[in-house]
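See below for the structure under consideration.
The chains carry the letters A, B and C, assigned in the order they are written, with residues numbered from 1 in each.
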Amino acid sequence: MMESTLLLIIEIVGTIAFAISGIRLAAAKKFDWFGAYIVGLVTAIGGGTLRDILLDTTPFWMENGWYLAVTGISLAYVIMFRKQLVRLNSTFFFFDTIGLALFVVIGIQKTIAFGYPMWVAVVMGTITGAFGGVVRDILINEVPLIFRKDVYGTTCIAGGLIYWIMIITGASPVIQQLTCAATVILIRLLAVKYNWSIPVLRNN
Amino acid sequence: MMESTLLLIIEIVGTIAFAISGIRLAAAKKFDWFGAYIVGLVTAIGGGTLRDILLDTTPFWMENGWYLAVTGISLAYVIMFRKQLVRLNSTFFFFDTIGLALFVVIGIQKTIAFGYPMWVAVVMGTITGAFGGVVRDILINEVPLIFRKDVYGTTCIAGGLIYWIMIITGASPVIQQLTCAATVILIRLLAVKYNWSIPVLRNN
Amino acid sequence: MMESTLLLIIEIVGTIAFAISGIRLAAAKKFDWFGAYIVGLVTAIGGGTLRDILLDTTPFWMENGWYLAVTGISLAYVIMFRKQLVRLNSTFFFFDTIGLALFVVIGIQKTIAFGYPMWVAVVMGTITGAFGGVVRDILINEVPLIFRKDVYGTTCIAGGLIYWIMIITGASPVIQQLTCAATVILIRLLAVKYNWSIPVLRNN
């Protein structure tokens, strides 16, 4: 009970962080409120939606209205307090990282529950965590950030592989999930602190 | 019988109007006939296709060949009469608006028929009416118009909310649909006449 | 047995050719290894994935891990031997053409197996062969090449129509498939040799 409540709070916070990241980029592109709402929503639910389409199940947000509501609250928040947002960048980064970790875990859990092999679960965890940002960048007509700078995608993969290792070693589900989440959070923090990046593919 | 025939005619006319809007934008980008056909097709059927994928049912155009045929006729029409098209802009706007209204109604009806709550139906009505134009703009590599200028998206939402209110007030299905369609058409006409727009999200 | 082994080899070779085409374009855009892998993967499996989503069946690559593995090998190959790649352009073109022909045949076969009419199968064969390149171009933020220069898409359609004709004429499945594949390969080679192109849609 306590745990599920905690997970729900984390998911809401993560959704808000993802939505706000999309809304702020939309603002930088002079989108109107509707466009900003859609970009924020897609950033927050896009990854899980593709995952559910690939798993051939009903997209999660169609069974629970608060994802759309929370995105609306995020938009109202950005509209009212946009001048203060910059000061909160580190806070958003923190929530965004927690949210990413949870989204990866949720994506892996759901895929395992559908009976797919673990390598598919790792792919779905990565899609759940990273695909929303890809659609966000396509909608604002930019080359997806995670393909050039961020280690976002590889961080999701690493978290998924740790999850897999924990299963092989016979750890309990809770340990599997916590280790996966901790890995995602740790790598993300270290990547920013030490400015990690994936080698660029040279073409000459 | 009469009514279903009328609806079919409206749907064909709306499909043509959507397809031509996509084909003309493709022409402005120097697409070839194949590219123009695909952009026109996606503009006309893209919204309903995403709706059907999210509802986990067979995309409507896979069960009836005339959507592809009508798009081909639209392309042939643009190729042959492109010089006259500009003079017909208000006609196209009229058909496009009628089509939009019908697409929103169809999207809402289908979602209700699948047993989803009304808020999902409003989302699906909006997707059915507006998503095709988003994919169109992605394919021609432009920022989606409805995120910055048009009130297209919010018009679909408004029509859906009216539909919802009509259900709550216990109006008959026909009244629900006509009121929704009339709302979409009215708002669209007023938006153009009085140059309505959604506030732009400022980022400083 | 022999035949299925041959088909598997052709599919692997085609997948590698498609993946490498995506990886090289990603390299030209200074993508990192992760981004290049994703673009290569999407180029190789994107068409079949959309086909399977539209057919409402599990995407083919989720049931067989080697598509992701082969894409990884393709990336490693490009990283190690990128200087030699230019010399191999005609080889890649050859593999890419063989792969395209096979992908079209696979897409048509699968759609027929699902009981859809032949016109849907032609659409699915075209999607299987050509859609991956469209997503590739969207991800690198370019206007899809096949909408302006290449005859790629129309070649897939032509192959599908020949397949259809072969069915009408009562040819055996093997003949249907070989004729379709031969048509795709022949048209592609002639298109390049004689610099064929689809008429551009003028807008003035």
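Methods note: contacts are C-beta pairs under 8 Å (C-beta built on N, C-alpha and C of every residue); 3 or more make two chains touch, one makes a residue touch a chain.
Quick caveat, the model's predicted, so the values are computed rather than measured.
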Viewed as a graph of touching chains, is the assembly arranged as a line, ring, star, complete set, or other?
complete
Rotation in the CA alignment of chain A with chain C, degrees, nearest 5
120
Quick one: compare the interface residues of chain B with those of chain C and tell me same or different, with half as the dividing line.
different
Between chain B and chain C, centroid-to-centroid distance (C-alpha), Å:
31
Expected list for chain B, residues touching two or more other chains, is 53, 56, 138, 141
What part of chain A is in contact with chain B in the complex they form?
23-24, 26-36, 38-39, 49, 53, 56-59, 62, 65, 68, 78-79, 82-83, 138-141
Would you pull the chain B residues touching chain A in the complex into a rising list?
53-54, 56, 116-117, 119-120, 123, 134, 138, 141-144, 146-149, 151, 153-154, 197-204
